[in-house]
Each structure stands twice: as structure tokens, then as C-alpha cells.
Amino acid sequence: MSKKINLTLKIWRQKNRHAKGRFELYKADAIDTEMSFLEMIDVVNEKLTKEGQEPIAFDHDCREGICGMCGAVVNGQPHGPQRATTLCQLHMRYFKDGETLVIEPLRARAFPVVKDLIVDRSAFDRVLQAGGFVSVKTGCAPDAQTLLVSKHKAETAMDAAQCIGCGACVAACPNGAAMLFVGAKLTHLNVLPQGEVEKDARVHRMVKQMDKEGFGSCSNEYECQAACPKKISVSVIARMNKDHLRSSE
Amino acid sequence: MLVLASITKKQIVAATGLFLVLFVLGHLTGNFFIYGGSEAYNGYAHHLNSLRPVLNVVEAGLFLIFLLHMSLTISLLIENIQARGFRRYAVDRPVGERSWASRLIPFTGTYILGFVIFHLFDFAFVSHFGARSLINGIDRGLYGAVYNAFKDIRHSAAYIIAVSFLGFHLAHGVQSLIQTFGFENPVWSPRIRVLSVWIGGLVALAYSSIPLFILLYVKS
Amino acid sequence: MLNPNIPSGALKDKWTHHKASIKLVNPGNKRSLKVLVVGTGLAGASAAASLAELGYQVEVFCIQDSPRRAHSIAAQGGINAAKNYPNDGDSVHRLFHDTIKGGDFRSREANVHRLAEVSNHIIDQCVAQGVPFARDYAGYLDNRSFGGAQVSRTFYARGQTGQQLLLGAYQALMKEVGKGAIKLHTRSEMQDLVVIDGVARGIIVRDLITGEITSYVGDAVVLATGGYGNIFYLSTNAKACNATAIWRAHKKGAFMANPCYTQIHPTCIPVHGDYQSKLTLMSESLRNDGRVWVPKKAGDTRPAREIPEAERDYFLERKYPAFGNLVPRDIASRNAKEQCDGGRGVSSSGKAVYLDFTDAIKRVGKAVIQERYGNLLEMYERITGEDPTTTPMMIYPAIHYTMGGLWVDYNLMSNLPGLFVIGEANFSDHGANRLGASALMQGLADGYFILPYTIGDYLARLKKSPVDIAGHEAFKQGVSDARQRIDKLLAIKGKQTVNEFHRRLGHLLWEKCGMARNKKGLEEALAEIPRIREEFWKDLCVVGSGEDLNQSLERAGRVADFLEFAELLVKDALTREESCGGHFREEYQTEGGEALRRDDIFSFVAAWEYKGAGTAPVLHKEPLNFEEVPLAQRNYT
């Protein structure tokens, strides 16, 4: 049941992309354990605003774990300590009274900090622009039922397609690699017959763009899958490796 | 200049890694002749050397593979450090899947490199006969050299540490190369990860058994 | 007189004939025509991608850091289509009929019929894009049934249909961005519409990172900015959902239609404290196996399990024996509110009812229930910390969708030439109530299959403006107005935060203009809203600058618009002296407590015209005629 806890927050503040950032200490007192993590920051922000200080900037939107907007590193872990949970769905009952929480932005060279806890993840969009689609134009699709997809393939594709593009995998990876994100999109599209036609070109273009964006490479640390709020498995990375090796481009 | 995709580089590391693993296993098998005594061991070494022209090619290949493995891992390592961004997190608490074997791989790798150089000067680039090979005044050839080396507890210890590091390297490396080549299977992938640790452990134990055997069991 | 431009001919032939007769733009000219698309939800992303494929120059804007994060991503349940794959008797006509009836006879027949017609193409298109819809073991597409329909016509991708459909549209968008056919502006918020000589010519946009305000010129402007449910502060909508784009367009002359049609979803996780920032939807499907109840005695604080069977009131089953727990959304919602208002609500706030799976678990076993609703139960537990298979779930209604929006004609063009409105932002095809799984259908129908045709007709007729439009005074004016507004917000330097004002407004609307409305309450709200607004402009506190990323400032701008829009919403509710769909006026109900429509007087679309601050808006009526579906009263008892 609900109770109140007091916390100390050590939060990364950075004015903009070019400014130097630093940690600042804040008190979060009488936090209701039923609050979500973002609601806890809301409370701190209301207080800061009233004191005339600039509130902490953080990305969020749906607050139900699907838009992929939220995400910060709490005590070294992207999206905080609870597995398979986005920051917006993490609740304060997972923390103890008196705890100090260190909150930082997702860090990677390809994700420059925009302000405080907000980072620029547009690199993900550009990787998708390179090939994360099926080249079908509106209007030229045949009847949906003419194409059968085995249940197994449909489920494998769906498992991978659940990725919300939050970037936690990159932030968790000691190499700042985007393998889980890119692998998830490749698995989604490459296992389906609709996407198979362009498979070779897709894997090449996306990997090339991924490298160009400055993401690291994979040394199979598997931190990414542990941090992924959608439980995307590193099997998508293996599949990407295989497709890349076999592709004719 | 040809720019290799990160995945391609990684796959070259894995391929060279695989060759190195095969070498390590082959070399281990060869060294097990030590349990057959000096005749058997020297016979094996002699037999190997009789394959000379071919062996030269193999050695050169091995050297290249080593070089490729190292240079690519080093370049990937530097790229990856850069890709992390300017700093790591204030609290270092991995989410949980990262093993110590994988964390330490650059260090175990470097240690192995140091060891191999030392090792080559120890056994390979030196004469297999002469003062270092004498056991009780009799020249026992290569066997003698190995025997004398491992009778020194410090020498043995250095080897045991090195092969433990090798085991560590392989505990991550073997499953890693399989993942890098793209094998995935919901049942087998987790098993391979366990297997990899066993392989690493067994390689370390098997190699360690040689200095230990000489140090503890073989009477002069 | 408001002309909906409905093509003549038999209902079922209208769209086909219209498509065949509208003007086409010659391919060479398309390259020189620019369309500005605001919003990248299902409607905006699908429209932008399709327009770019046709060869138009397209620029796209969205608030989030990536188009993929538009609120459409959150839709769970599914998307309807008249495919009739299960062979259970579905057809275009039946989908049309259900939608008209579900909308409580407050939508345009011609639009709804067209929606049903194109629904099937949507599924084809999405499958071709690689949307991983659920399939059976033979590899065929699977369907589920949804409220308001007797056939199985809902396609779904686990509990994430909206996500998968949006990713499909987003990927199509990315494909065109990659080719250079679309220019993408993320973290960009539309501040105003630029209208020159009565024609929409461009938009004013604020870059949310740098604070820079820029104008963009286009040959047509498409608004796909979603719904305004967040006017209630607490809703199932994402935090950035807003009415800014449509409200500013309204202030520039576009008519706002039926703003009082708001939809409430009965099964959401209840509010647990003042800090609450949003409400989470629990899929309606839970009502298939859950029984809704409250304690019979008011103020009973015993834990659920300690309340004996005889002291529980399964009020839906009691009042609506035929439909039981599966009555439509609005009825379920109003009854829950009635129980809570009577003091029988549960949870510490008293604003919740139980949704109990105990009997279902006894009947089919825990494993089956877990399999059916696995991720929902998990989500509930993650949020509340309680296991709903052992302690009954607590639910309460919440604002979920807005049927109202900018008025558009059959071609999806507003009364301002050149301004097109699609998706939830327009007043839509859902009448006074939207059926489950129909919003996704409508958004994609608009974007993929309707707008790309109808906008062509407009552009083909468009005469290139002789003057250099970009240099026109209206653009400079727009930029300076936007800047002034921002400066004004920053200059107040009062004591109350944006959230405080927003919460107050939301609470007021929820109480007076929420699930059930009456004249007195609406009049009170109408008096109170200007007071809050006045206070807002006097005592608002926004820290930081306008030349920087400033989230409080962004919110302040949106809340300022909500504070104006709310008045129109309430006024519309007050004017519509009948009950229909999501708009329930307590004065107008049947004996069974059902919504009582007054078709003789209110069978029209209420389209409001802005007449300036402080001046009463003018109501234009678009009469609704029902030729195919006979008007009928709903009855679920």
C-alpha cells in the first residue's frame, strides 16, 4: 500500500548540446510509493518551478511504455532497475526510503545530449531511412489473404517488431552499439515474405548507416537485451549477422 | 580505401578466433604426448618438424591470423570506446548479462599476446637441445627443455596464469564467435553459452595439467 | 451555408464516381506543388508517404523527436475492416451500418460509407508493408470481435495494433524521407496557420530545441494533429496531445465541429493521487471475463475478499440483464460514475469499481485467463503493484477519444480552401460516438486512400498565386504574433505552474462536462473557465527562456489554447439539448437511463465559427440526412 519515502536525486543538468554538464543534487521528499518515476520527477519539477529554478528537462509522452520517448539511466541502468519496464512504468515502490538515485541521460556518441536528460536519437530514424521498410507504394498491394505467413514467422516478426525505439539498448551497451535496435527491425522485415525480397539490400544499407552514425560494434555483451523494456532477444543480432554474411551485396 | 562494415570486421575476428581455437586445441593434443614420456613427446615434435615446408606455411598462416585477430580487435576496441561517448555512467552497474570474461577480453587477449611472445622464446625460437634440455646430465631434447622449465615453480605459475586467461578468453570467445556467425536457436543458444564456459575451463585445466604434472608427479 | 460537397448519386457509388470525375494533377506539376503535413500519427504519416509517392513535395512536422512516437502508437485493440474473412456475414454495408448506428446517427452517411469501402484496402496495404497481424496456424489472418458489432472484423497485432500500424506508416514515411521526397521536421510545433485571402497558404512553426520561429509556405496544409482529449488533463492520451494546431486554425477561420462529442472509456486504471499525470487504459476485452461490482453498502471499506457475495452489487448485470458487463462504453462508464457518486466506490479515493475475475478463473482456470489477458494483467500489476488474479482489479472511466474536431467536407477540406484535416483532428466519421477499432481505420483511410485523391482535385484547380507568397505580410505577421505570445507567457512571472492550471481546468470539465452533463453544471463551467483563463494570464509561472528547449513553455502554450477551446466545448454541450453517444445530457434520457436523441431538432453537425475574443461564436448547422439507415433508438436492457 501507499507510503511516503524521501530520496536524494543526483541529476545530470546540461543546458544544451554544446554546454558542459554536471550533476546537481535535489531532494525529493514525501514521495508517494504509488507514483511512477516520471511523476516523481514531475513533483520535483513543480517545486523547482515554484522556486524559480528551471525544471529538469526529460522526454516522455505516452507514459504507458509504448512510445519510446522516455528513458534515462537510473543508477547505471537504462530505464532503471526493473526488468522489461520503461522508465514511465517504473514505480516508486521499487525504491527504499533514504536512497540516493543517480539519474543521467542515455549516453552514446550517436545520442548527443540535447538538454538535461533529453538526448537526440534521430540517428535511429536515419538508420531506418536507409532501408527499414518494404518498398510498397500505396495502392499496389494485393489482397491481404493471398500471402500466407506461417504462424512461427508471424510471431518471430512480431516479437522483434515490438521494439519501441527507446535507445536503452545503445545506452546499456558498453560499446554504444545499436545492434539490438537494428537487428530487431531487420528481423521483423526479413523473416516475413513481404520483406524478404529486399533482404540483402536492406541489411547492407542499414548496417552501413548504423556504422556511419557512430554506433559501436557488437562484442556480444548481451547487456542490451537485459536493458530492453520490450524483451527483444539478442537472437535478432545473430540473425542480422547471418543475413549480413550471406547477403550478396 | 575499402571500409569494412562493423559486422564484417567482427566476423573476421570470429573467423580468426576460430582458427586460433583450433590451433589451441591441436597444440594441446600435441602437448599431451608429454604424458607418454620423453620419447613420445620428442617423437611428436620430430614428426611435426619433418613436415617442414608445409609447417612453414602453417606457421606463417598462424602468424597472419594472430596479426589479423589482434589488429582488428584493437581497432574495434578503439572504435567502441569512442562510440560510447565521452564518459561512462557515474554508477557502474551493468544490467546483468555481461560476464567478467567478456569485460576482461581485451586484457586477457593482451596477456595472451605477451605470453605467446614469451612462450616462443621459451620453446620455439630456441635450440631444442643443449644445456636447457639436460635431465640428470642426459640431453632429453625438447622434452628436457619443457621438463626443466616447469620444474621451476615460477615458470609453471606463469604458464598456469596464462592458460587460465586463455580459458577466460575462450569462455566468452567460443559462444561469441558462434553468435557473430549468426547461429541462433532458442534451445541451443543458451546451451552454447554454458558450453563455452566449460570449453574455456577445460582448455585452461588441460593446459595447466602439463606444468602441474611435471611439477608434482614426474620424478627426475 | 455550409456545403459538405457530397457527390450525387447512389450512396454506394458516390466515392467511385467522385474518384473518376475529380481533376488530376499532371505529373510534371506535382513536383512544383508543396504540401505541408502537420502530424505524423496514422493519418499524417500515411498521407505524407502517399503524397510523396505521387510526386508532390512534402514537408512533415511533429512534436516528438521521431515521427514514430505519435500518439497512434498507443492504440491497443485493433482495426476494423469489412473483409469478411471469417465468413460470418460481414460486408461493406454492415460495417457502414454499424458505424452509423454506433455513432448514434450523428455522422454523414456518405463519409461513413466511403470509410467502410476503403477499409479493406487498408488491411491489404498494411500487410504488404509487413505489419505483423495475428495469424492462425494455417498462416491466414486472424480476427477478433469488438464492442458494437456482431461480426468478427477486427484485425490485430497482439495488444499493440496501433504501434504496428503506425510503424508501417512511419516506415513508408522514412522510405520517402530517405529518397529526399519528404523533408522531416521533428521537435517542431505548429503555432499558427497562415491564411491569405481566405486560402490556407502556410504555417508558423516553433523549433522546440532552439526556440526559433519560422514560417513555411505550401500549396496546401494538412492537419493531422490528433485529438484534444487532454483538455481534461487526465486522459488516456499521451502527454503531448493538444488542440493547438486545430484551435489556432479555428481562430483563423476554420469551423470547429461538434466539440462536445468526447468519448469516455470505462476500463482505465483509477486515479491514485493528485500527482497523477495520466490514465492508463485497460482493454475493453477484459469485460468479457471480468464482473463489475461495488459493495452494496456505501462507505464499506473492507477489502474486496472480505465482502460476502450477498453484500456485493453486480450493478451492470442487475440493470442490463441482456448485455450484462458487455454494455457499450458510455453506459458502462455512466453506471460506474453513478455508483461512485452514491458513495459505493472503492479504493482510497472512492473513485473506482471492481472488475473481478474470480468467477472466470473458477470457470476456466487461472492459466487460461493469464493467457487471454497476460500482458494487460502484467501492466496492471506493474502500475498498481497488485495481482489482479487474486485481488479484483479496480477500474474507473477516463476520457479516451474526441469525436469533435475541425469541420471538413466530403473531400476532407475545411471551410478554408487549402486546409485539409484528417484523422482524429477532424470532426470525423464517428458521429457522437466512436466504435472500438474504428479510429485506426479512419486515420489510415484518410491518409492512404482519401486525401491523396481529394487533395489532387484542389491542387489541380489551384491557380498559382501571382504574388510572391513567401514574402507576404501575413507570414511576417504570423511569426511576430507567435513570438509575442511566447514573450507574453514568459513575462507573466506569476506563482502558479502550468500543471496547476491544467489540472484545474481538467477537473472542472470532468465534473461539469464529462460523462454526464446538465444545464446547470455547464453554465457554471461556462462562468468558471474565463476566470481560470484570466488567472492564468496573470499568475502563470514559466521559468526559462523562449530561445531554448523549454517544456513548461510548450505546455503553457497548449494549456492557453485549451483554456480558450474549453469554452467552446462547453458551449456546444450546452447548445446540444439532447443526449447522443458520448454526449449525455441528464435532462434528456429515457426511463431506462438511455441517451435520448432529439432527431427532429438536433440532427445536424454543429460547426462553430470564431468571431474574435470576447465575441460569441456563430453556429452553422450542417443538416444530416439518413437515407440508408433508418433512425432508431439504442436499447441494451
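Here the chain labels run A, B and C in written order, and each chain numbers its own residues starting at 1.
Keep this in mind: contacts are C-beta pairs under 8 Å (C-beta built on N, C-alpha and C of every residue); 3 or more make two chains touch, one makes a residue touch a chain.
Please read these numbers as outputs of a predicted model, since none were measured by experiment.
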| item | value |
| --- | --- |
| Chain nearest the overall C-alpha centroid of the shown protein atoms | A |
| Greatest separation from chain B - chain, by CA centre | C |
| Chain centre separation (chain B, chain C; CA means) in Å | 63 |
| Between chain A and chain C, centroid-to-centroid distance (C-alpha), Å | 27 |
| For chain A paired with chain B, centre-to-centre distance based on mean C-alpha positions, whole Å | 38 |
| In the complex with chain B, residue positions of chain A that touch it | 10, 23, 73, 75-78, 102, 104, 107-111, 172, 174-177, 204, 207-208, 210-211, 214-223, 225-227, 234-235, 237-245 |
| Touching residues on chain C, where the partner in the complex is chain A | 46, 49-50, 53, 64-69, 71, 73-74, 83, 85, 121, 123-130, 132-141, 157-158, 160, 163-164, 167, 170-172, 174-175, 177-178, 184, 186, 209, 238-240, 272-273, 275-278, 280-281, 348, 379, 382-385, 448-449, 452, 495, 497, 499-500, 541-544, 548-549, 551-552 |
| List of chain A residues in touch with chain C within their complex | 2, 15-16, 32, 34-36, 38-39, 42-43, 46, 48-50, 52-55, 57, 59-69, 82, 85, 89, 91, 93, 114-115, 118, 120-122, 124-125, 128-145, 147-151, 154, 157-158, 161-162, 164-165, 188-189, 192, 194-195 |
| Residues on chain B engaged by chain A in the complex (per definition of touch) | 5-11, 76, 79-80, 82-98, 102-103, 105, 172, 175-176, 179-184, 186, 189 |
